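The structures considered in this document are given below.
Shared chain: subunit A. Partners: subunit B in the first complex, subunit C in the second.
Let's turn to the complex of A and B:
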């Protein structure tokens, strides 16, 4: 079984909580780390292992108000991974929480959703919730 | 533009390749199966690339919007919504050159609420802030849209009046003084009235600081000679 993975957030990188027993991946904050590919590699690897090993449904919970270009690319890769799992019958879904006053963040979430068929919910919430 | 999963391939070469690969004559050829896989991956990479660029553009737009809002915020006085000193000094030089180019005069108007400290002492700072806000509103609405209206200091307001000579400025100042004198500010169950003293100076050179000092001197003169008055600095 995959171990839980927790990465403390910083000003330029989100707080990451990957909970294997609940099957929840939480990313909260802004994402513009020095090297987004290095930052996302263990997260993507975790998801790959989780989806390979068990049968627990996987939920990706995102509260990301800003992603730089390479983080955006990594997020698309992560979504691709979940999408492929979904297509091969594995239960995987996305909940993207957006500040309701940040139209651009919502539009970005819609853009991410456009290319996938897995359940993808965009939830508008008040700032700081 | 966006590339959906079902949309056309964005590359005409890829489209032709797919047509060739669709020919039943090639079915089962292992090399062409590889080729087909390669074409699929290539299409996927292009889609991901375009998607990334497009989403990234959206985030950049958000940053630009936040920058613009921040720029606006650093130029605005938070309490009254008038310009602050920084915004004024950014605007005053272009206004001076414009008025010199058109050989028009320009005036500085400096106003200060009379005995404002007594309002704060009697009613508290929250009420004082409301009085400031209301006076700023009257100040802004009594002047023309092209005048620069600034919160200069605590209870001190400055306006730059383009294409206005001392007589015009004195008329505008008198109207302002009179409107403020007649307005009651209803706050916290009280009806508060304040008056304003105003100094005016006509700007003649290209030294805004000198005109501001002259207006300030005229304002002191208005205070000294009884308050609730308009004084025009001698040329």
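Let's turn to the complex of A and C:
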């Protein structure tokens, strides 16, 4: 069984809560860390292990108001993992929560959704919800 | 050493005349980028009601600042020139729009390739830029550590064509300056 992983957020990196028993990966905040590849490596590795073991459904819950381009590339890698799992019959989905007043955040989520076929819900919320 | 005190009034006047809201000159560290980023967002949120404009200015700021930081980091071991590790960044108004400008010293050997990339981006429309962005998203990571996506993202958010210059400093260096209107 994969262990839970929690990474405290900072100004430029999201709070990360990866909950193995619930099968939920939560990323909340903004993402433009000094080195996005280093930041995302343990998160991607966690997802890889989680999907390799067991059969618990996996949900990626994102509240990311901004991702820089390096983080976007890492997010594509993470989504590709979930997409492949979905294609091979594992339950995997994405719920992307956006501030309804921030069109750019919604557009970014929509662009990610264009590239995958797994269930991908974009939820518009009021600010601060 | 210095014969005259810094002309602070002259500096101030050129900021006001150039409608500069925020300016930074010096070595770019990650924490400085974070701090300026907070200031940029706070300032813009009081000035404009458009969340999209705030997002675009902030995003362009982050990509340009991280490019400057990465490139000046490559030059910082060269002790032969003063100011190689310093970048210059300004965020200001241009009429009803915002301008984000960033500059740094650049080895003239690197100028040609960058100029070519910028020319290519300037010739593309938004749909072509999106297609290129998506193609690069799944491409290999570049040796410099970046994803090669930053300038494409900046071009996508710009509301007018990118403008840039390479100012000759000496035999070896140029000052590269890029300005993005949002």
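Just so it is clear, the second predicted complex is superposed on the first by the 129 of 129 C-alpha atoms of A that agree within 3 Å, B and C clash if a C-alpha of one lies under 4 Å from a C-alpha of the other, contacts with A are read in each partner's own complex, and residues count from 1 in each chain.
Definition applied: a residue touches a chain if its C-beta (ideal position, glycine included) is under 8 Å from a C-beta of that chain, and two chains touch if they have at least 3 such contacts.
Remember, it's a predicted structure, so these values are computed and weren't measured experimentally.
Student: Fit or clash for subunit B plus subunit C once both are placed on subunit A?
Tutor: Subunit B and subunit C clash in the superposed model.
Student: Could you tell me if A:28 is touching subunit B, subunit C, both of them or neither one (first, second, both, neither)?
Tutor: So A:28 meets neither subunit B nor subunit C here.
Student: Please indicate which partner A:104 is in contact with in the superposed arrangement: first for subunit B, second for subunit C, both, or neither.
Tutor: both
Student: After lining up the shared chain so the two structures overlap, which partner does A:11 touch, if you call subunit B first and subunit C second: first, second, both or neither?
Tutor: Once the two structures are laid over each other on A, A:11 reaches subunit C alone.
Student: Taking the superposition as given, does A:115 touch the first partner, subunit B, the second, subunit C, both, or neither?
Tutor: Both subunit B and subunit C are touched by A:115.
Student: Can A:56 be said to touch subunit B (first), subunit C (second), both, or neither?
Tutor: It touches nothing on subunit B or subunit C.
Student: Could you tell me if A:37 is touching subunit B, subunit C, both of them or neither one (first, second, both, neither)?
Tutor: So A:37 only meets subunit C here.
Student: Can you check which stretch of subunit C gets into subunit B in the overlay, out of 23-31, 113-121 or 131-139?
Tutor: With the two structures superposed, the offending stretch of subunit C is 131-139.
Student: Which subunit A residues lie in the overlap of the subunit B contact set and the subunit C contact set?
Tutor: 66, 68-69, 72-73, 76, 102, 104-105, 111, 115
Student: Touching residues of subunit A toward subunit C in the complex: what are they?
Tutor: Subunit A residues touching subunit C: 10-12, 32-35, 37, 66, 68-70, 72-73, 76, 99, 101-105, 111, 115.
Student: For a test of understanding, state which residues of subunit B touch subunit A in their complex under the given definition.
Tutor: 2-5, 47-48, 51-56, 58-59, 61-63, 65
Student: Along subunit C, where are the residues that touch subunit A in the complex?
Tutor: 30, 33-34, 37-38, 51-52, 55-56, 58-59, 62-63, 66, 134, 137-138, 141, 145-147, 149-150, 152-153
Student: Please name which positions on subunit A make contact with subunit B in the complex.
Tutor: That would be residues 66-69, 72-73, 76-77, 80, 102, 104-105, 107-108, 111-112, 114-115, 117 of subunit A.
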